[in-house]
Each structure stands twice: as structure tokens, then as C-alpha cells.
Amino acid sequence: MKSSTDNELLRLHGITKIFPGTVALSDVSFAVNKAEIHAIVGENGAGKSTLMNIISGSLIPDKGEIYLEGRKVNIKSPRDAQNLGISIVHQELALCPHLTVAENIYIGRLPKNSAKIVDFKKLNQMSQEVLSLFDEVNIKPNDKVANLNVAQQQIVEIAKAITFNCKLLILDEPTSALSEADAAVLFKIIKDLKAKGISILYISHRLREIFELADRITVLRDGRYITTLNAAETNPDQVVSLMVGREIKEMYPPKAEKIGKEIFKVENINSDKVYNVSFSLREGEILGFAGLVGSGRTELAQTICGILPRNSGEIYLDGKRIEINSFEDAIKQKIGYVTEDRKQYGLFLKLPVAYNVSAIHLKHDYKRLLIDKNHELSLADEYVKKLNVKTSSYLQLVMSLSGGNQQKVMIAKWLAIHPRILILDEPTRGIDVGAKAEIHNLLRELAKSGIGIILISSELPEIIGMCDRVLVMREGRITGELAGEKITEENIMQLAAHK
Amino acid sequence: LVPSSKDVTQASSGNPKLKGSPNEEYYMVTFVSGIEYWKGCYKGMKAAADLYGVKAIYTGAPQFDVNQEVTVLRQVIAKKPAGILVTCANPDALKAPIDEAIKKGIPVITFDADSPKSSRYSVLETGNYNAGAMAARYLGKLLGGKGEVGISTVAAQLNHEQRKQGFIDTLKKEFPGIKVVAIVNDENDQTKAARQISAMLQAHPNIKGIFCTDALGGVGAATAIKEANKVGKVKIISFDTDKGTLDLIKQGIIDASIAQGTWNMGFWGMTFLFYLKHGIVNPVDNWQKFGINPLPPYVDTGTMVVTKQNVDAFYKVNVIK
Amino acid sequence: MSNTISNASANKSLLKKLMGFREITLIFIIIVISVIISILSPNFLTAENLITTALGLAADGILAIGMTIVLVSGGVDLSVGSVLGLSAVIAGGLYLSYGVNIWIGSLIALVICALIGLFNGYFIARIGIPPLIVTLAMMGIARGAAYVLTQGSPLSLYGNLKGFDFLGQGKIAGIPFFIVFFVILIILFDFLMRKSAPMRLVYYVGSNENAAKLSGINVPKVKISVYVLMSVLAGIAGIFTLSRFSVAAPTAGNGSELNAISACVIGGASLAGGEGTVLGAILGTILVGIINNALVLLNVSVYWQNLVSGVILIAAVTIDYLTHQKKS
Amino acid sequence: MSNTISNASANKSLLKKLMGFREITLIFIIIVISVIISILSPNFLTAENLITTALGLAADGILAIGMTIVLVSGGVDLSVGSVLGLSAVIAGGLYLSYGVNIWIGSLIALVICALIGLFNGYFIARIGIPPLIVTLAMMGIARGAAYVLTQGSPLSLYGNLKGFDFLGQGKIAGIPFFIVFFVILIILFDFLMRKSAPMRLVYYVGSNENAAKLSGINVPKVKISVYVLMSVLAGIAGIFTLSRFSVAAPTAGNGSELNAISACVIGGASLAGGEGTVLGAILGTILVGIINNALVLLNVSVYWQNLVSGVILIAAVTIDYLTHQKKS
């Protein structure tokens, strides 16, 4: 087609993939140049991951051809892709939890002698080398992956991918679990790789990143190829409107107009990782928690909700002291917690959408012995529509939803019980701009209607754009409170940084 | 004592009454159906069936399980066979299906393990209790009436429990100088038997004799004794006549084994069934109507002690064809 | 995408809906095998043979119902066979040795079974020991208790208990009450597993224990209830076995755990939890049952029976899997 | 976080490092039980008793080594006991019926075992049938083949084969060769599981099959190899059993699968895959073995043995778990 083939690394031609009930990709064709950072954008369920899975050999397309450096290639398995120099960080983490970080990085490629005995010393050395690129994150080659948090696991995945001697590196939402600091490290690595002549296919819902990194941007919508733009010649608004098919602005809803009485208060919460935390939440406001990864926000939320054990502390709801000794107690008081780790802790992947949406409702609101199927389906219907979840049927297994849509199902599960207080831990992780705006509006609506909203987020723009008040945490303690004009990146970072 | 099958053949060839039809199916039903022990019975049954020109079929429940055996027996009854020879995993549990078969006109005879409350026509057995007693007497004499002995058995399996009990009671009564100091459960497995008997020999170094209620227990005992360097110092009385046991008797590692009259159970059981089916036995007229049992209700099929002296006679007892 | 999700399921024709059932191929396979057997042996399709076969399955089938629930919860229970045996021994033993009314004895037996389940559940859910080990130990303990109580000899209630006999020997309209009861249990539990809220919790727990916890489900409570239910069902099977044979053998139910587990897995349950239906488990039980029946009807030599049934089993399951295969 | 995690591991003293081993509590428990037994029974700690106890464990222990690998891969193999039996029957049968040299017969037996493993692996890894069902069917098939080949009668090689006898009956420096061989196998496989690249693949596959697939590991090949290895090990155990007893019973190895699996799980393996060590499995085997041994040494009635060993098992494992517990 247009571009000269010398400069072209990968060309996709007429790629089509159909799942039962969904046309995930239909006739997608475009090319990726050598040594370019090529971003793929699109709404949740647009088919980005499916396309990447096809390029990397874990899915076989129903139709279409792939050309690599001008030659038609037949990629039938991940191994084929590896042999062709294609390496990928999948959107869904795929690590072996029982094994060490080093073994995960060099999975299938352990250094060994002629007797096939693994050289663990060399393995650790090699792993240490890659990991030292991310020295902020503090991962040791010998750590067991099961003991790492999501961000650390994400880094291991990235380390794994970049140790391949590849021509094309695919990164499917690599930063969704990363803090800005870690993301910055990643961007530097990406740019270094590009300088070495490696092409990168980069997927993200954070347009800021896209415009920081990408040379070109390809837009997918509803499984169809829309266009490819030069990053220098476009702007976020245009990209968004191409993605969504209509004009929308990436804009946060207006902040609270009136803040009411105090509805929720915690005093002197102490646990193994949280120290002397006190704060209150007032009607109509959205309270943010900011901090670096590992600052204890998740621990705090889980301690308040009775998921993690509390050493001391009191909790007040609407002025009355309440006893929370287990998460069930919290839910009985209509206090909800949306976890940051949807796969491990948030969803029943092997069960249908409808079963997931009704999970908490059935246990805590629906006091009947028998489940009324229609009731369950109408509940699913209500929230699928409200959150615009893209699913082919309410009986589709959550496993087969796109990542962002899974995230929405998890939020729906909590909205379905009409919570009084809702603590959301990284709620817009992996959610596209349009949906993100919808969720932001929804949270604001909920706050207006009197529901207490606590928002934990590592995305500073989100914290700044959404919250009426922000508490910053460091090492398990609250280091400061910011409100109104004071909520700025500089102020937050100053309170959050290691001393 | 026992007429050789040649005599009977001559009789039958002479008399058309003793000729059945090849469509006539007689079943032998057992529990733990895979084991060697039943082969002797089936061999005897088949010998008789061939003689009368009828078919003998062997089936059973693979495990020692009442439910399984009753299910198989009922399934056999549903086929309306000419007669059934059955050994009972439990005497009471098999009463109902046996009675049902008889009500349907299918003659039933029990062998080896009886169901005395049922209406079966006859039982052919040694009595496992008696077999245990015989082992006790042989071992008692071998040890000169004193010393410590152990038992290796299959716990909670009725036939083995009876053998064990016969052994213990007889020692107590007839050889008070002999003490049973240990009982182990070999679960009818040679490896487990060896393991348990090794431990038993350690715990009781003075043991002079071991009675095994199952053949594989005997094999395990032999190995355990070899491994403990006690061959000759500990006498072993085993059970049944599989080749392993006979070989070990020949080698002098096992001293004796108790053989039950399995062939006789099968042969005479089959003969009884055939005679009943063909109306040949008529001790009184219209016995059916008056509920009189036309057959000897109890046949003792005897017990033999296999020793180094007579072992060669037993090599073929379980070999069919 | 033109999000026209809504009526997708409503549009399905009945046939398609049926084909969607995981169980449908299994039903076909059972029908095909039945047809083959009934051609080879005219005795197969007689009421007598079918009732006999069903009676033989009923106890294992009750265990399979409970085992489905256990497997769905992500666990496994190896103690069911010995709990069955112990239950019969306790009820029979109380009656014979202490003259306790047999119904009261049965009730006591069931209470003890419930306690066994509580014990299993507690060690699994609260202490966190793998179900396999806890229930393996319990298998030994319950079987051992049955041995100790009977001193190895079966207890016989023969001819004593007219009313109690009805459970295992009585008939309703010509059909044994045990079968009627079994069918009611199947229908009840199939219904409950599909429709009831507490049973749905079992699916949640088995599907993702962590997510269940973070959905406010009391995971240990659910698990403990599952093991209690399983043990009580095993106890009921034991009482019926006692009534049916008038005998409490200390070995009763030996090996039944494996039958029950494999019936469930054949019927689509997974050892990984979250999957399985009562209907599937019963079809699995039936498949194994008719294969065994066929071996008897077709006069397969006892020495060949294990081999033949193994081959038929793997063939049947392979066909089932090939027709259900979703992914390459 | 005051990022001083770094040298935590380097600072560990040897003791702490030892305590980190999952296996260390199990070793302690075994030592404690041994001490108790040897106080109660002076015969326990004699070389003779230890050697005979070890001999009794060796066959099950070999199965446990293989089962560890299978469990680590995320599978399970119920056919091992019957493959053990079949292997002995084939080697013995070829020799007795066809005069095939016993060593060649053993080799043929092992090749057949390998084919059995291949069959298991193929149906599991390529067709995707759950390991439990495939190997359950194979358990029936292999046991059935042993019955068919022997027509139910144990084969006896007695007194014929001096050289072959050495495997199961010979001694090296006073120690039975079987034990020497067993110990070598333990050391070899423990080393390989920890260090060899192909064995590490098994951990990957068992820990996260999907991750392994996405990383280009040939998952079916790994799984098939695992089942082949398992069956060959079971075959070897069968050959040694034949040599030790000079008798090949068609029932040999009956129930061994459950012993092997539980030994592995006691030693830290999980039915969910990805976890388990050979050392742990062997310690599990030893724990069960000395409990059994103790029951006989202490003259516990056969009727009480199941009960007592069940109680000791659950107590030992509970202590093990409580000391290892990481999370509340």
C-alpha cells in the first residue's frame, strides 16, 4: 500500500476474528514500521487485545494474513511468534505464582548447562540485571511471584518481555497497574528499545501516555479499523472522537457544590501495616486517597471494611459507632469495597455476567431462599445498561469479556446493593476514556445522592479531577490533607514521596 | 470316596435323563470375583456342567461389597437362568434375593459361605471356622503345643474373620500353651502383608508360628521371614493353593496351607442344581407342594492340609482346561 | 457493536437450548449404550433388571449428589464411603446392643455424621488443611470406628423391624421406596443447586474463593455446611443400606468415594471447583451402572470385566469431550 | 515502606533457612513420633526394623516420587497401583508362559508401561479429558489386563532366577539393594526436580498452564512426558515387587494410588498443581509408614488401627499446617 516496504516491519491484512456472539475483529488491515512506537487505541471491547493475541500467536484469526518484513508468516502458537521475534506483555497477567521472579522472567528459557541442569546463579544474575532497571519497585529475583502485588507482577511481565531478543514488542495496557513513577521508568525503557530499532505496539487508555510515546496511532472501533494517524498531527480530542464515534471531551464532572454533614468517620485505625489513621467523610463529597504503590491505601480500606484484621480503632456511620469485625458486618452496614485486583479478588471468571452482578445482592439484600431468574436477569440488565458493559448475553462468562468490561461488571456487583459508603480501589483501571467519563459521572451522581464515596487512585489526574478532598498516605500513615485549590500534583507528590 | 468324572460320564451317556440342553445356563456368583480361590469351585462346576451338556457361567462382584453382590445376583436372576450357585458376602443380606429366585422357580444352592436363613436348597462348605481350626491343630502339633504365634488376616471380611476365630478358639481349647500375641491386617496384599508381618516379628521376636488367612498374606509372610533371616525358625501356615503358595511349600518356607474342597463345592453344587432342575431327585412325591427339601441340606466338602509331602498333587487344582 | 444483547438467549430454539446443556451428550451416550445392550441382551429392558440396577445405584447415587456439591465448592470428600458404613453400624449397633428404637438410633447416627462433617469442614475451612488429607484421615477414622464398634463382624437386624424395613425394602406402587426417595433427592438437589441462593454461594466459593470473600460471603461457613451436608447424605445412604439388607457391615461403602467422585467428574464437575450439576453426577452414576450391568448381562468373564468397563468408560467420556470441545 | 527488605534473605542464619523449608516441620514430627515409639517399644530403633520398614515403603515411595511430578504438573494418576501390578504380571507371565528371559521380559513390561503413560498423557493433554477420569479408566484397564493375563491366579517365579532375585532380595554391604536403589532414585529425582530444566517446565505447567502456553512451552508434550515417567516408575516398582516376592499377584499395588497421593499431599504437594517436592513426598511416605509400623509394634488391635492412624495423621498434619500458616 502506501508506505514503502523497506521500512515496514509488520503488515496485517484483512484480519477477522469471530467469537460466539461477537465479531471481535472484522477485516482489520494496517502496518507497523520499523523502530516506531505504534499505539492502538479503542474503547473497551474494541478488539485491541484480540488483535494482539493474534499477532502473538495465542489466537488464530478466522481470516486474514500477517506479513513480517514483507514475508507472509503463519503464526500458529506463541512459540511461532517468539521465533519470529514477537514478544508480548498480555493485558491479563500470566505468571506462575508458585515460582520465583527470576524463573518467571526466563520462563521456557532458563540458562542451563549441557546436562540441562539450570544455572540458578546465572539466572539470578540475568534477572537482577533486568530488574535493576526498575530499582524503585524493589523486586528480588528470588521472590515468589505469589507474594508480589499487582504492580510488581506487572513489572515482572514487562521484564520477561524485554528480555526476549525481539523485533516487535507488544505491550497491552502495561501501565494500568503501575504508578506514575514506575510508568516513567517503563517509558524510558520503551524509548531505549525504539532507539535500538525495535518496534513497539502500545495499548493504553491513558491518552497522556499515548501522546508522550507514540509515533503513530491506530484507532479501532467495534472490531473495525478506523484510521492510523501521525501523533504529531493530531490531538486527544480527535482521537477520542474517532474511538467513540462521536464528540466527547475527556472532562471531569464539576466538583461538589454543597458538602453536607459528616456521614462516615474512622478514628485511630491501627493494623499491622496501617498506623493511627483517622479521617471523616461528609455527605456529597468524594474523598480521595493518594500515595505511592505500597503506601498502605489498600490495606487501610481493607482494614476499615473488616477484610484485614484491625488492632484498634473506631468506625462511625451517620454519627453512630458501628462494630465491624468482618467484611460481612461492613456490608450489612452497606459499606462496600471494590478491589483493585479484579482477577484474583474481584470476579468469578468462570461464572456468567448475571451471576457476578448479583453475587453480593443475593447474599445481603435478597432474603429469599430461591433465586428468581427474572429478577437476576433484570438486575444484570439494569447495570449492564447503566455501565454500558459490552456483553453478548447475560449468561456470557465473565472470563470472555474484554478487560475493561470485566472491570465494569465488578463495579456493577457493588452498585447492585445500593451502598451507603463505597470505597473504590483503582476503579477505572483499564477502562476506556468514554467509559471512564461515564464512571466518573456516575460516582459524582452517587455522591450527590448522599452516598459516601472514597476513591483510591494512583492516577493523579483522576484524583485531582474527581476529589473534593484528598488524603495522602505514606508508609501506612496519613501525611497530609489537601482540599480545593491545594489539590495539585506537586503537593500530592511532596506528601507522598519517601522521606 | 468321590466318583471320578469318568464314572459319571459313563452313567450319563447311558441315560438321556442326565443330558441337558446347551441353552441351559447355570450361574456361579461370588464376591471378590477376581481371586484365585473361586477358580477351584468354578473348575468343579464346569466339570459337572460339561458332563451334563449344559453351560456354567461365572460372574460376580469385584469387591467385598454386599450391595455389589446383591445387585449382580439380582441381575442374574432377571436373566431367568436354570440355576444359581452363590457364595454369600453376608448371610442375611443375600437372603432376600435368594428367596426371590426360588419363588421364581430358579434353584439356588449356596457354597463356601452360606445364607442359612434363606430358602436355598443346600449348602456345600467346609466352614471357614473349621478351616481355621484345622490350621490351629496343624500348627499346634508343629510347635509342640507351646510358644507365641501371630495371625495375618483381612480385617472385617467375614470369611477371614471366621477363619481367624476358628484358629484362635481351637488353640485356646486344644493348645493352651500356645498364645496368639499379634494379629495384623494384610488387606489381601503381599506388600502390606510383608510390611505388617515384619513389624510383628520385631514387636514379638519370640513368635514361632504365623497363620495367614489368605494366600497373599502367606506370600508376604514368607518374604518377611526371609528378610528377617528367620526361615525355619518361624512356621507359616497359609491358605489356599495358588502356585506361589505351593512353590513356597516346596521350598520349605511355608510349612502348610489349608485347602478347602473347592472343586467339590462346584461339582456337587452344579450336580444338585441339575438334578433339581430336571426333577431327578424325588425323595418324596410332590416335595415342592409340601415344602420338603429334596436335597441333603448340608454337605461338608472337607479340608485338606497341603504340605511338602503332598504338594505336587495340588499344582493343577485351580487350572481350568 | 450494535449492543443487541438482550434477547439473544430468548431467541434460542428448544433444540439449541438442549444442545447447550452439558448433560445432553451424556444422555445420548447412555441411550446409545442402552440400545446396544438391549439388542444384545433381551433381559436389559425388563422392569426387573432396570429396578435392580437402579437399586444398586441408589446408595452411590446419593453420595454422588453430595459429592457434586463438595466438588463445586472446590473440595473433595474421601470419607463418604466409610461414613456410610459407620452410619449403618451406629444405628444397627444402638438397636442391637442397647435396645434403642431403630428410628432414634438412625437419628443419632445422622447427628454423628453431621458432627463428622463439621469436623471435616472445620479442619478444611478454618485450619486450612487440604480436603484430601482431612477426609482421608476421616476415612480411616470412620472406618476404624465401624470396625471397633462391630469388632469386625457384620451386625444383623434380620426380621425385626417392619416399619424400618420399609425404607429399603418397601414399595410404593410397585416401585421400591428407596428408588422413589432417590429420585426425589435428585430432583430436589438439582433444583436447589440451580435455583437456591445458599447453593449459589457454593458456586461462588468454588469459582473464586478470594472473590467470594471480598463479596462478603462467609467462606468457611459455606464450606463447613457443604461438608456437613455431604456427611449427612452419606449417613442417609447408610441408613437406607441398613434397612435394605437388614445388615450393617463394617465394610459397607468401601471404595464408594471413588465411584462417587468419578461419577461427578464424568458428569462435568471439576476437581478445580465451581463446576458441576446434580443431573450430570447422576448421569455419570447411571453410565457406570449400566456398563457394569452390561458386563453381567453379556456374560463377560469376570477377568475381563475391569478391562472392558475401563475401555467403555474412556470411550464414552472421550466422545462426550470431543462433542463438547470448545477451544482448540 | 522503609525499603530494608533487601538483605533480609542474606541475613538468614542456617537455622532460619532450614525453618524456611516446608519440609522441616515434617521432619520434626517424624522425629518426635519416632522418639515416642522407641520409648514405648525398644525394638523400633533397631537397624533391622528400620531396614524392614524401609523395604515395606520402597514400592509406595517410588510411586510417590512419580506422583509428586504428576501433582506438580497439575494432574493426578490413579492408575499407578494397577500399572505396578500389570508390570509385574507381564514380566512374570512372559517368563513363565513363553520362556522369555526375565530381564527382557522386564524391559518389555516397562515399554508397555511407557505406552500406558503415553495413552494417559495423550487423552489428558491432547483431548483434554480430566486426568482423574482418564487414569481411573486406565486403572480399570491395567488391572483388568493383569486379571486377564493371569486368569486371576498369582504367578510364581520361585527359586528360578538368581540374578533377577538380586533386585528385590540382594544386599549391598548388608543393605538391601532395593533400598539402595530407592535412595538413589530419591536423590536423583529430588535433584532433577530442583535443578533440571525439563523438570522445571513441569512446575511452570502446573503453576499456570496458560502462562506456560503463552510463553511458548509445549504444554501437551510436558504433560505427556510426565505421565510416561510416572507409568515407567510404577513399572519399575512392579518389577522390584516381582523380584522381592518372586510372586506377581494380579492384585498387587491395589490401593497404592491413594497412599502415593496422600504421601505427596502430606509432603506439601497440592492437587491444584505447581507445588510439591520429592523430599516432601518421601517424608509423607515415611510418616505414614512409621505410623503403621508403630501400630503393630504397640500391639494396637486391628480394629483400632484405622482409627488410630487416622487420628495420628490428622494430628500430625494439623501441627504441620499450624506451624506453616502464613495468613490468618
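Some notes on this structure:
Note that the chains are named A, B, C and D in the order they appear, and that numbering of residues resets to 1 at the start of each chain.
Rule of thumb we're sticking to: a contact is a pair of C-beta atoms (placed from the backbone, for glycine too) under 8 Å apart; a residue touches a chain by one contact, two chains touch by 3 or more.
Fair warning: this is a prediction, and the values are worked out from it, not measured in the lab.
Counting C-beta pairs in contact across B-D and across A-C shows that the higher total falls to B-D. If each chain is reduced to the centroid of its CA atoms, subunit B and subunit C end up 34 Å from each other. Between the Cα centres of subunit A and subunit C there is a gap of 43 Å. The distance from the centre of subunit A to the centre of subunit B, each centre being the mean of the chain's C-alpha atoms, comes to 72 Å. Multi-chain contact residues of subunit A (touching two or more other chains) are absent.
Multi-chain contact residues of subunit B (touching two or more other chains): 34, 155-156. Multi-chain contact residues of subunit D (touching two or more other chains): 147, 151-152, 301-303, 305.
Contact between chains, per the stated criterion, is found for A-C, A-D, B-C, B-D, C-D.
Only residues 1-3, 5-6, 9, 195-198, 200-201, 203-204, 206-208, 210-218, 274-275, 328 of subunit D touch subunit A when the two sit together in their complex. Those residues of subunit D that touch subunit B in the shared complex are 41, 43-44, 46, 48-49, 52-53, 55-57, 59-60, 147, 151-156, 158-159, 169, 176, 241, 244-247, 249-255, 289, 292-293, 296-299, 301-303, 305.
On the subunit A side of its complex with subunit C, the touching residues are 21-23, 45, 60, 222-223, 307, 326-328, 330-331, 337, 339, 344-351, 355, 359-360, 362-364, 366, 368-371, 373, 381, 384, 390-395, 413.
Residues 34-36, 38-39, 153, 155-156, 181-185, 187-191, 194-196, 198-200, 202-203, 205, 215-216, 219-220, 223-224, 226-228, 242-244, 246-248, 250-251, 318, 320 of subunit B are the ones that touch subunit D when the two sit in their complex. The residues of subunit B lying in touch with subunit C in their complex are 33-34, 57-60, 62-68, 70-72, 74-80, 89-93, 95-96, 117, 155-158, 161.
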